[in-house]
Structure formats: structure tokens, C-alpha cells
Amino acid sequence: MNVVTIGELMLRLTPPRHERFVQAESFEAVYGGGEANTAVSLSCLGDQAVFVTKLPAHAVGQAAVDALRRYGVDTRHIVRGGERIGIYFMERGADRRPSDIIYDRAHSAFAESSEEEYDWSAIFAHADWLHLTGITPALGKSTAALALRAIHEAKKRNIPVSFDVNYRAKLWSEEEARPVLTSFAALSDVIITNVTQAKELFLLEGGDDEALAAAVREKYGCKKVAFTFRRTLNAERNVISAALFDGEALFRAPEYEMHMIDRIGGGDAFSAGLIHALGKGMKAEEAVCFAEAASCLKHSVEGDMNLVTEGEVYALMHSSSPRVLR
Amino acid sequence: MNVVTIGELMLRLTPPRHERFVQAESFEAVYGGGEANTAVSLSCLGDQAVFVTKLPAHAVGQAAVDALRRYGVDTRHIVRGGERIGIYFMERGADRRPSDIIYDRAHSAFAESSEEEYDWSAIFAHADWLHLTGITPALGKSTAALALRAIHEAKKRNIPVSFDVNYRAKLWSEEEARPVLTSFAALSDVIITNVTQAKELFLLEGGDDEALAAAVREKYGCKKVAFTFRRTLNAERNVISAALFDGEALFRAPEYEMHMIDRIGGGDAFSAGLIHALGKGMKAEEAVCFAEAASCLKHSVEGDMNLVTEGEVYALMHSSSPRVLR
Amino acid sequence: MNVVTIGELMLRLTPPRHERFVQAESFEAVYGGGEANTAVSLSCLGDQAVFVTKLPAHAVGQAAVDALRRYGVDTRHIVRGGERIGIYFMERGADRRPSDIIYDRAHSAFAESSEEEYDWSAIFAHADWLHLTGITPALGKSTAALALRAIHEAKKRNIPVSFDVNYRAKLWSEEEARPVLTSFAALSDVIITNVTQAKELFLLEGGDDEALAAAVREKYGCKKVAFTFRRTLNAERNVISAALFDGEALFRAPEYEMHMIDRIGGGDAFSAGLIHALGKGMKAEEAVCFAEAASCLKHSVEGDMNLVTEGEVYALMHSSSPRVLR
Amino acid sequence: MNVVTIGELMLRLTPPRHERFVQAESFEAVYGGGEANTAVSLSCLGDQAVFVTKLPAHAVGQAAVDALRRYGVDTRHIVRGGERIGIYFMERGADRRPSDIIYDRAHSAFAESSEEEYDWSAIFAHADWLHLTGITPALGKSTAALALRAIHEAKKRNIPVSFDVNYRAKLWSEEEARPVLTSFAALSDVIITNVTQAKELFLLEGGDDEALAAAVREKYGCKKVAFTFRRTLNAERNVISAALFDGEALFRAPEYEMHMIDRIGGGDAFSAGLIHALGKGMKAEEAVCFAEAASCLKHSVEGDMNLVTEGEVYALMHSSSPRVLR
Amino acid sequence: MNVVTIGELMLRLTPPRHERFVQAESFEAVYGGGEANTAVSLSCLGDQAVFVTKLPAHAVGQAAVDALRRYGVDTRHIVRGGERIGIYFMERGADRRPSDIIYDRAHSAFAESSEEEYDWSAIFAHADWLHLTGITPALGKSTAALALRAIHEAKKRNIPVSFDVNYRAKLWSEEEARPVLTSFAALSDVIITNVTQAKELFLLEGGDDEALAAAVREKYGCKKVAFTFRRTLNAERNVISAALFDGEALFRAPEYEMHMIDRIGGGDAFSAGLIHALGKGMKAEEAVCFAEAASCLKHSVEGDMNLVTEGEVYALMHSSSPRVLR
Amino acid sequence: MNVVTIGELMLRLTPPRHERFVQAESFEAVYGGGEANTAVSLSCLGDQAVFVTKLPAHAVGQAAVDALRRYGVDTRHIVRGGERIGIYFMERGADRRPSDIIYDRAHSAFAESSEEEYDWSAIFAHADWLHLTGITPALGKSTAALALRAIHEAKKRNIPVSFDVNYRAKLWSEEEARPVLTSFAALSDVIITNVTQAKELFLLEGGDDEALAAAVREKYGCKKVAFTFRRTLNAERNVISAALFDGEALFRAPEYEMHMIDRIGGGDAFSAGLIHALGKGMKAEEAVCFAEAASCLKHSVEGDMNLVTEGEVYALMHSSSPRVLR
């Protein structure tokens, strides 16, 4: 399946091991961002992912492009130019010391780009699916407009749209976000969100998870609503699960209590797993389990991106415990 | 608060990851020592820490000084000269393989220094508090004398003295240590110790922890007695807690079961937390919780020193589980 | 005790930390192989281990030799020549992502060597014990023949033979392996195996572990039968235990649930522990506990080899929890 | 320009810094091979490079594919399967200690592949140029046949063929190589070789370089003959130059005395520079200077591949000394 | 001597070894900036350096502060707040491949700060000297104003001002820079510049270096004019020299042809050496030699900062070749 | 040839790359010492080297032993016990910044050992040669006595003794050293020294090198006198040469101007080369060339030890420039 994703691609700088920022004499450098992570994950699962963004024309911008090409993402529609690449610093937490993220993403080439700069016909030439997140409209009016444009291009071609709400309090207030994100939700076929967002951002109510999912589905007229759940035991141990409502029932994926190698990108891996599963025609029950297994595996992979194959996801879905084969 | 600390600052050499000494082709190099760790921790918490020691005049000695300056410690009163800097080798344990420490600290510049070499008036010019540990007198008669001199300088100025008993069996026998450490205890306002030391070193008895703490307080005439507790589940998991007796009641801090990144300096971080808390006027109940939270966070930080802010300690005190904010 | 071991020594290439193969820009390089791991472990425990193999005459072959010399193994009988050193790639798993091993061992100098190339008299000049595993005969007819030759050399000298069955499904089918491995079992004094191999490979039955061990002992006429047990909780946590049947009773070692630093070589460390213990005259009950403690410690050591001393194994056998001594 | 290249892609393992093999505890891992290096270099210069080989289906084989995708090479026609990826170990020399290379490439998936496995129509669908080297036929009859097949596919489509003679004494004798390599030369439009090969392998004579080049051109009926020159001052310093004969005159590129960061791939970078230059219609005089400047820059880049842009090559061609711009 | 310096402090990110940006999986992280480099260098030479800037309140901003404190710089007057820390990426060149610098410094906390934010009385409380560079006014009107304010504060206190012209074409055009930089020159006691800037920026003429220096001195009414010279042989080898005009004669320092470890900060080390020398009362002839030797040593030190002692500078001034002492 | 060497084995700690001590966050760890370096070098050249010293019984002492075993040195006569292993810190210089060495070797197990602790019969059981240096007597009276004892043991067995004078001004004054070192010279068969030591320490005179060597030979009654020469161009470039006087003529080895990877151990490699050459019966002319080529190669190898084979030394002796073979 050919999946188009649009968003920001940032340079992530992480001190080695569990060093604090004030100790770091070097940073591990990876590139990531919600939609790009989903694109790479889709490519590793076997889909053709097309990733669209804008990056500076300099060599660090090129390195960001290469980070996606390496894993098979189609980067030909990335626009080059602008001032800077967004950066975020990530300090790994440990035990009760939480991970710390410092964003330095203002004024990025993508955040300051406008819809006219992108070649929409070429981008959607072979597209079967469009995926967006709520981060792109949060970056500013211009990116909100281009995200909307992307949806309209998808609609024009009868391509399904998945939308990961992904409200980020560091980027905008709930009041700012609500009208924008609800307008995106109303244009989406698959909405990926969580209970808190459904209640506090979308102002919905529901006695239980299923009722709440049904309320989301009804209000925004989408086909499927996915909820992800996460409990933070400490900086290294989280419990995740997920559920998918298809209009008839809420199907729950198993809960995974995880020792995490890298916390970032777990949600993006879920989105990729879900899109891949739905694209392959899995039923809701299987799809949510596939997506949740993919997300679980992400937490064992260094960096933002879920470098696992479809076979590895199936293996986790179907087996009880990992073994060394030899 | 201006806190004076005096002690040895050593070079710590640690094989990378979980390598054994016989595998190591390199060593991570940090500088540390009980009192220096407390000084850095105090500085990170917002106090002005003055650290006093003697270090060789060569470039490795300078690197040790710089390791403290980096985190804001006042190092102007460190005397330079002497033969060598004390060294200790530390092999990280894992699971049931315990960590191993090899000391190479004999003949260090500090251990062979004498009280006449230090400018006591300058050291105490702005002092509000003095902190010592039982390691300094364990290094030899000369350092025992200078530690005693420091206490007398503090007394002259009506500055409170905290004393972390810190009996080290590798440095001296209980018989050698007892008369010396009890003489220090008798001059201290705050005694930081544990149940084993209270019983076996100070030869006190008490039905329960509170009775034992009361016995310490009564015998040495101090104002407060802190007990720290540690259970070793394995080389990576410990359970710690603490209690503080202020003459009226024994207040207990919560127990933390921890996955540890670095075991060294947990006690020194407790001392720093306690001094900071008392200096800010916290009551015993709050102070012991603050100190224990600081100590817990230390175990998640690489190296000997507790590089956490007051805000981070409060966050742990008041919250249930760490989260990534973004 | 002078212990002769014969087998393949490979170069192991491991991506750093928890990186996947597709992320790796470097590999940690260690040398290992079932019998070589046992030889190094024996040397660290205080025995004189003689390791026999064939390695290319080039510098990487020399590095493999040096990796054993470093820990005191007698490498003078290693034949130099042939095409290549066997290689295996090892990707560390994490949480639910299993470790992955890719073998590239075909055509190795050892696999293509023949018994005539080795100086058997010199090899066994001081030998007190011979140890083999089922991997050597799995590499081909030529190595099967030389392993058999080694056993005959041992028998000629009345030297006990221990045999770790170690059936590897990636190297041969059960049908291929059964006649070969049973012929080796029939010549061994100590058989190290597990319940699955006893049942599926040796086609034995037994109501419980003891009955099964007795069946192995009876069928192959050996003196002792050791069973190892392993449950895989996830890629980082395993539970191991072991039992030893001496003809009279089945003695069980305690179960260890472990956080593992390196999974490879746990079984080889058990073999070394068992040989060392029996060589020192420990009774079955103590010997199996010693071997199991040695195996447990291996999982906390990086690389294939169990770099622990006899004293460290005893310490684990006799104590409840590890502590930092200082 | 769309350039098809066919050849082996190997894993290169290099000890860090200037360590010898017997010191190495890790290896830097890059992927390379004559034709693949040329493909990546062409891609960085702005061409569309199509690289064809066969690689194992496992994750290390995938990492090799990814190493090319990362820099924009079209890898869709790489066949997956077979036993192993070729490996070579490279020890960096220093001063008078020469670099050492140990090949472990026998039995590789590519070496054992046959022409039927490749989809020749798809490979040449958009091809403008074919590039081969003398290494591929040296690997065995099967790869010699597939290289010949590639030339015939090119001829069928009237696509120019460049051939880097690249005689490797470690792979075959001059007697074995001569008939094969001359048959390839006779089918090529551009022959890249050196004076020694022209004389000793092709058994040509010529008073000077121009006469010798003319003899090559005449004998094999090609359009252009390139000679590369290299003098080894020591393991870190080489002097290179080149010349191109177009039937009318021998044009010489300037001589570069270089401090080398990485010696491997200098010739492959020359080939890429030459193909790119000729593809862009540069005249012989400019083309050889462009190719030589590209080759010179390669020696300043770590790994096998010449990661420089067309602009950077021009900059060296046209400027006297490099400067930091700021 | 107490020297006040004001300017931007940036995070510098450098790929390891000689890797290109497109290869980098990590960055070495150091902090630097023209004036900060001079401050650290002065501190290492034995002066008390006060560095003034504005940095974000977050942990990466704190790491920047700590990088100066570590070497003894007084950082108490650094203002904390604002959006971001300036960043620059630096790719080490090699041989003929030039080093590449990518600036990402727009919108930094310092660039957007204004003179009201700084406590000028406190900053100059103990000041003996003020040092500025032409980079600060290049960052914008606000920083130009605060630099001017600093000069007026110095003038008020009769403190000498040194000014390193440091025209950067990437920050502003000559037309924009000329009026600003000449106004700073006109207020300075010591002007540090080079022949190109004197001619093209200051539009002066002079038959030879001495005449040109005299012209600068006359036009701007300063006491001393220093010229630095640099010839770039390649990315690793430069030739530097310097001259100082004191109104009577132009004194030349010896020329150093250098193999450079790190090119950045050579000019800042010269400024520090000159200020230190003049502060100690050296005559022009000795001062320029001291400054030039300091600058030469900087090129052998990793990072932006010249971590050498006064004794080491003297040793180079007075000796012919370095030796290992043992 | 079985060569006995006796001396101190130290832990060497080196900051990575060209970092200064004040920058270092880690140290590369190798083990070395004049005589141990010669032992390892002899082992790599094919001799059986026996190294004798005393090292602490702890794990870092074991790592030192293993560093020699790894390269085939017979370490069975190393005595274990005592307080500490000698340490030296080594900062790599660059260009005009000299390398810096800080010794921390006082109170080492070897320096405080006495001749009674060693099993002289076992040590010399198979000995063909004894090698000593002037460092061992410099460590104290006790080690001077044991070095003398070793010579007497050699004399008793008619084994030749080589003595590398190696006067170290950091360890003792010329006045202290002269009587001791001359007494050793007088007992030696081969004296390795340089012109400065011959003149200033041995107070000899000679119009030219040959006359001076003859004077040494005559005064001390030895068979051969070797002179080494070193000119320091800068911290990275040295010029070395050597000469050997056999009573008839002074034979000169070629001069090597070198780019050095590691300066330490060059002289020890010369000694090993000379002993090996003389042991193989080479004539003086060839022997000095072999020794000088071995010494030259050492400077291209990281660490203290000359890890090169006899074949590699011959290759340098006989060829003009190094090449990559492939």
C-alpha cells in the first residue's frame, strides 16, 4: 500500500547512556518526528511510504533525508530550503528520574513552509492512504493549512485518511487546539486518540471506553476510533494497551508491561501498525493486536523509528516469550 | 546557605558498561569522594558549597578541581601540592554479580596534608554550616586532626556541624574507629548514621529505631539523628529508606525500591538533601522526605554526584510516577 | 586439573547496546564457541585448560588465539591454516524483542579440518579430563571423526569424558543428529543435556526428571547425567536451574531468575562449573550448585566467556545478596 | 544519467583508529565494493545509480542494501538469497606500517549467483550507461558469465560500457585473468586501467603513456582509455594522478599528494567521476580533471564511498586551497 | 587581571573523527563562541575572566554555563532566559576537503537580548579590561547596542577596550558592517584585525603592513593594532603569524606552520594571549610573540577553547621543539 | 630463544584522541613498562619471553598479567601481592604541544618487592638471555638489588645480559644514578644507550660516535654497544636512527622520519629487535637495521607494545614504501 505522510522531521540529540544534559560531552544523533516515524515503520512493514516535509538545503538537512531513504521511504517529494531543521534534545530518564525533552523547533523550514511549495499531484500520484497527526497543525497556521490541503487532496481521490490527534500541551493550549483538531477529526476515516483527549479536548463523555469511542465516532463521522493507553510505572517501565472501535464493538489488544529501551515513537509505531493492518484487510480485532504488538516492539528499539518487520510483529502477536534461535 | 565541606577527592575509574576489570580497555573517569559529592549536590540544589581538600599541582589534580567548579562549587580554598591523587577502581556489578571496588588511595596529597596548610579564616569567612564524614579521620592522624580543627573553627563561629559517620571497614577496625568517631559525634549537631553503626560502633542499644536514635541523641548531645536504611536485592536493585529523629519523634521517609544506574554517592546525596532541607527550615518530617528523594534520584545519575535540582527533588516527593513532558 | 577441550572458535560480532543489525555502524568483537567458552571458564576457575581447534594463519586468526591466551588457556595445540574463521552475528534483544543470531560458519578452518592434522599425543600429554559438545560433530563428518578420535584418545588414557549434547536445529535435523549424538553419549562419563533433548532426541521417557535422568544414565552407561533448565521470560530475563543425577538421586540446584547482561555461554559456564566441581571431588549435591551458580554469574558478564573466579562462585552459592564492599 | 552497475557488495570490518587486528575489541562496519562504491559516488554527484547484486535474505544483508539506499542508489533489482555476504577485514596502516586486508569473500551469495537470477529487462529499463570492473569476472565463471550478459544487454540497447580493469592478484593469476579481461576490454567503450596492467596484463608496449594508451585503444577498439597513477609514499601519504586518451591526445590531470583518511575506494571514485563527467558531455581534458579531483576527495572521506557533491568536486578543480567559510 | 567579555555562547556539534554530516550518527558537543573562548583562555592563563551573555533557563543552557565554570570563568552575570541557545554544526575537513560550518544561531537568547537585561554595575565591579568582537554587533541592533553600552561602561571607568574586528560575511555585508565596526574601532584601545579587513572593510591603504597598521591606528585613535595572518595549505595544515604595531614599530611574531587538531578558536586564543601579555606589562615585541604562541597551541587542542597554561605558552616561545619529559 | 626480563609493569591511562587531561572524561587503559614492552615485542617476533615482576593480587593486577599473556609472554613467575600497581598518565601531544606524562608509580608492589620473593631457579630454568633496564635500579635499593641478583643468576649460567641504560631524570639525579648504572654496565654484554648518556652519565669522551662507543665498550668490558638517536621535530614527528659497535666498526641503521601514532615504547622495541637479531645470529650490520626497523614500526602501533611480527620487520628493512596488498 502506498501511504502518504506529511509532517516535521527533526534532529534528535540524546546524551549517551543515562547521562544528564549537564554531563553530556556528546549527543547521539537520530532523526525523527511523529509522521516520519510512522513512514519508516510502514516501510519496514512492507508498505511504500511517501514522506513529505521541507528541510534546509544544507548537509544536515540531507542527512535527515538520508535517514528516511535508508529504510526505503520515498523522499522525492521533500522540498529543500528554508532556515533550519527543528531540533529536540532528549535526556533519558532512569527509574524515578523522568526523561526530559527540550524542544528547539521554532522557525523550522517545515513550520514556515506553505502549501504552495508542495507538488500535490506528484505526492498523491500513487497514494492509497493519507496519514496526519495533530502536531502539524500545532506548528502554525501555515502548516495547518497545508495539512488541510493534504486532506482535501486525499478526499478528491477517495483515499482514506487516518489522523493521530496527538495534542501537545507544549505547542498550544487546549483552547487553541480544539477548533483546529476537531476540524481535522471531522475529515478523518480513522481517528487515533486516547481517553483523556476524547474527554478534555473533544469534550465528549461516555460511561466506559466503548461508549466514549462511540461518541467520537458519531460526532466526527469516522469509521474507526482507536484508543491507546499508557501507564507510567517509572522512566524505564510503562504499561501500554489499546482498543479499536469499528462501530460495532470495542476490541482490546493485550496489555504489555515493558522494560523500555527508547520511549519515543511508541504511538507512531501504533499508527503504522494500524494502517498496515487495515490496509491488509485485517479485521478490527486482529488489527488492534497487530498495531499494539508493533508499538510494544518499538519500545525495544533505539531511536524514534520502529525498525521491525511484519514477521516480527506477527511473532510477538502469536507467541508467549522471545527465544534465541540457533 | 554557605556550606563548608572537607575531605578527599579521588579519581574514580570505571570499566565501560558492565565489563569486568580483566576485560577493560578503557575506564570512564569521574572524580568523587563522600564530602565532595555532598558539596556538588548542595551546589546543584542551590546552596553555595565550599569544598576543601589538597590535590597535586599537576594537570590531573587540576581536572579534579575543574570537576567541582563545573557544578558551581567554590574551590578557591583547595590546597595544591603533594604526591598523588587518591584513586579508586569501580567495577559495575550486574544481577547477582556484586560491584567491586579497589582502593588505591594511600599516600594521597590530602591524606598526607596537615591542618597548618589550610587557611581556616578564609574557608569559614562566609560559612553557615560545616559538614564532615567519618572517612576523613579514617585516613590518618593528620586528617583526623584537621577535621577536628574544622569543627573547632565551626564551633568558634556558632555554625552547626553535620557528621556522616560512614564507618569503612577497609580503612580501619571498629576498635580503631570507635574512640575517634565518637569524639566527632560528640561535637556534632546532626549525626547521620545507620542502625548497624549505632549498635556495633557506638555500642548503643534500643528496642526499636526510635529508641536507638534517641540513645544516639542523648549520648552525643546532638540535635538530630538521621538513620539511612538499605537492602540489597541484587547489584542493580536496592531498597532504601531513612528516618530522622528530632528529639520528639522519629519521622520516616518512604521506601524506594530502585533500579540503580550508579550506586555510589547515594548516602552523600542524602546528606546534601538533609543539610539543604534543614538550612531552608523544613521540619523534620519534610526534611527527611526531601533528603530521601534526593538520595533516590542519585541512584539514577551516572557518576558519584547527584546532579539534580531542588525542583526535581520536590517533583519526586510530590508525584507518583515520572512522565515525559512534551 | 588439566582439561582438554576441542571445538570451533568463532568471531562474534554484536551491534553496540541494543541496536538492530540495520542500525549498526560498528560491531563489538569477541571470540567464542561452546568448548572454548568452557576452556576459558575453567582457566578462570583455576584449572589448566587446553583448547584445540584450527584457525587461519592470518592476523584475525591470531586475535582469536590471543583471546584465549589472555585468560590463561593453553593454545599451543591450535593448528593454524585453512580458509576462514567462523563468524556469528548477534543482535541483542530487549524486552519482548528476541535476540537474533546469524551464523556464517560454513567452510571454517576447523569445520574443514581432519583428525590427522592434530598432534594427539601432545594434546593429551598432561590431560586429566576431556570435554566435548554436540556442536563439533554437527559441523560435518570430518569434525565428527576428530571428536570421536579425541574420545578414543581419552579412553586410551582412562580419562573421563564429559559431553554437552547441545543439539542445534540450525545445523542438522534430529534424524541426522540422533545416531551421531547417541554414539557420543554412549562413550561419555558425564552427559549434560536437558529434558527436551532426552525425550525428543534420545527418545527416552520418564515420569519425572529423576526417572528421565536415570533412563539416560542406564541407556548410555554413563556415571552422571546433568539436566539444565531455562525459562525465557523475555529477552532480558530468564529463569535457570539444573539438576544432577549420580545414579542414586537427582540433586537440584536453586532456581535463579536473572536480569541478563549477555545470554550467550550460560550453558558452557555450567559445563565448566560442573567439570571443575567434579574435578575437585565435590559431591553431586554441591557440584550441581557450584555449576549452576557459575552459570548464573555468566549471564552478568559481557561476551561469551565466564570470567569469574572460584571464589566468586562460592560467594554466590553461600550468600543471599551481593553487596559493594568498601 | 541512469547508470547501471553490477558487482559484489561486502561488509568491511575495520579496527578503530590505528589499532592492529590483534588489538581490536570492535570493528567499524561499513559496506563497500568496487562497483557499489561507484554507484554511491554517482548518486552523490547527481546521477541515478542502479546497483545490482545478490545478498542474503537476512538482516545483515538488509543492512548492506540500506547502506546504498541511504545515499539514493536504486536497490530494487538486488536479488535476495544465498548463503553469505562477502566480508573483508581492513587494518589501517600508519606511517611505514602498511594497511592490511584480509578477504573472506568466498562462497558469497553474489559469487555463487547466476545470470538467470537477475531481471535484465527491468535492470536496463531506464539505463543510459553500464559500468563493470574486472573483479566480478574474477569471482568465478558464473559471475564472469553474468557480467558478460550485462554487456550484451547494454550493447542491445546501444548503451556505452565503461570497464575498470582492476586486476587483483589475490583472486586470480595473470594467466587466468588475461583471456577473460581482454574479452571484456574488447566490448568496452571506456577502459580504465593503469600502465602496469596495460603492459603486463594486456602485454602492450609503448614508448610513453600516450603511445601505450593509443595501443590499448587500438587493440580493443574502445573510444577512451583512462590511466590512473599512484605512488605510495607511506601508509598515510600517496600521490595520485590520471590521464585520459580520447584518440587524439592524452590529457593529464594534476597530481595530488594527499594525507589520506581512508585509502579504499579511490579508484572507484575516479570511475564515478569519469562516468559523470562524460555523461555530462565534458571534454576529455575537463573530464579527467573532474574524475581526478573526485578521486582525491575520496581519500579524505571515511569508508569506501565517495560522499561528495558535484559542487565540491568543482570547488577542488577550480580552487587552490580549502578554507573554512563562516 | 579581571577581564570582562561579552558575546554569544553556542553549542557546537561536530561529527566524530573526519565523518561527514551525512555519515554522522553522533555529534561531539562542546560550547564555544569568540568571546567565550577568549574568556576561558584568559582564565587558563591565570586571569579572572568574567563572561556575560544570555542563555535559556533550560538544562542545555546550564550545560553551556558549566562549560565555562569548569575552567574558572566567572559566570555569575550570565542572564538566563529566552528561547534558544545558538548552535553551529562543524564538519572536520581533511586534506583538500575543507571544513564545513552550518550556523543555526538565529533567534538565540543572546541575539534577542537587550542592554537593560544586564547588571552593568555588577559586571564591571572589579573590571580591569573589556574585550569585544565584531560578531556581537553583527547579530542585530540589540546586541550592537549592548556592546556599545559595554564600551561606555568601560570608558566611564577608564578601562582599556580591546576589539577583535572579526568580520563575518555570513552574518552581514561589508556595507552593513562598515559603519558599525568602524564606530567600535574608534572607541577601542587595542584593535585586532587583519590586512584584508583593514583594506576592504576599513578602506585603508598602506604600502606595507606597518604603514597599514599605522593607518588603522591613526584613523581610529587606538594605542595598538594587531594583525593576524593565516595561510591555508589544506584543511589540516595552516601557516599563521602575527604582528603588533604600538605606534613606533611593527613587531612580528614567528610564523608557525601547523598540523591542526582543531581549527576553531585560533584567533580568540590570540586575543586572549595579547590581553594577558599586555595586562602583565609585556612590551609589544614580547606580547605579540606570546599571543602568537598561544594561538599556535590552540590549534593542537580539541574544541573551541585554548586550554593551555601561561607556562606552556612560555615554553613554546622559548624552545625549539617539544619533547616528552620523563 | 628464551629471554628473561624483569621490571615494573604499569597501568597507563591516556585521554582519548588528543584531549588534554583537563578535558578527559575517560582514559584508554593499556599496560606497559620498559622491560614488559620488550618482552611482548620479543614474543611477537617469535621468541619465548619470560617476564618477572610483582603485581597486586587484585583484579587490576590480574588485568596487567593478562595483557602480557595475551601476546604469549610467560607470566608464571610474576609474584602477586603488595599494595598497588604503578600508574602513569599520558597526554598525547600534537604539533607543538608536547606529550605530557604524570607518573604515579611510588609505592608499587614491584618497587617495594625484594629479591627473596622471586623463584630465581624457576625463572632461569630455560633462559638463554637476560634483559634489564636502568629503570629498575632507579626505583629503589630493593629493586636495584634484585636486578643485580638477576645478573648474577645469569652470569652463573653463562647467559648474556643486555642492559638498556635508560636514565630517567624524573626518578633520580645523575649523581645518584651514576655509580649504580655504571655497575650494571660493567656486568653487561650488550649496552644500549645514547650519546648524551655516554657523555654526561658515563662521563666518557670521544671525537665521534664510533670513538665514543669504543670508549663505552672498553670501559665496561662489554661486547657490543648500541646507540639510539632521536630528533624531535614536534610532538607527532620524530627522526630516529641507531648504530651498533661490535668492537670492529660502528654500523649505522637508516634514519626514519616518522609520523608517530604512539611515541611510547620505541626504545623498548629497539632492544627487543636487537636481542632477537643477535639471538638469531645476525651480524652487527643487519642486527642494527632489524632493531631500528622494529623500533620504527613501534611508533605506528597504539599502546606501549610493539605488536609486529618478524616478517613485518623484514618487510620494512627490505622495501622502500608500504602498499596495500589485495
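A, B, C, D, E and F label the chains in the order they appear, each numbered from 1.
Quick note on the criterion: contacts are C-beta pairs under 8 Å (C-beta built on N, C-alpha and C of every residue); 3 or more make two chains touch, one makes a residue touch a chain.
Bear in mind that the values here come from a model prediction, so they are computed numbers and not experimental data.
**Q** Counting one step per pair of touching chains, how far is chain E from chain B at the shortest?
**A** The fewest touching-chain steps linking chain B to chain E number 1.
**Q** Pick same or different for copies chain C and chain D, depending on whether their interface residues overlap by over half.
**A** same
**Q** Quick check for the class: compute each chain's Cα centroid; which one is farthest from the centroid of chain A?
**A** Taking each chain's C-alpha mean as its centre, the farthest from chain A is F.
**Q** When the CA atoms of chain A are placed over those of chain F, what is the turn angle between 0 and 180 degrees, to the nearest 5?
**A** With C-alpha atoms aligned, the rotation comes to 180 degrees.
**Q** By mean C-alpha coordinates, which chain is most distant from chain E?
**A** Computed centres place C farthest from chain E.
**Q** Once you find the CA centre of chain A and the CA centre of chain B, what distance in Å lies between them?
**A** 45
**Q** So what's the Cα centroid distance for chain C and chain F, whole Å?
**A** 41
**Q** Residues of chain C that touch two or more other chains: which are they?
**A** Residues 20, 22, 25, 66, 71, 100 of chain C touch two or more partner chains.
**Q** Would you tell me which residues of chain E are touching chain B in their complex?
**A** 66-67, 69-72
**Q** Once bound in the complex, which stretches of chain C touch chain D?
**A** The contact residues of chain C facing chain D are 13, 16, 20-22, 24-30, 58-60, 62-63, 66, 83-85, 87, 89, 91, 100, 102, 104, 106-107.
**Q** Can you list the residues on chain C that touch chain A in the complex?
**A** By the definition above, chain C touches chain A via 17-20, 22-23, 93-101, 103, 168, 170, 231-236, 263.
**Q** Going by the contact rule at the top, pick out the chain F residues touching chain D in the complex.
**A** Chain F residues touching chain D: 71, 256, 258-261, 296-297, 299-303, 307-308, 312, 315-316, 321-326.
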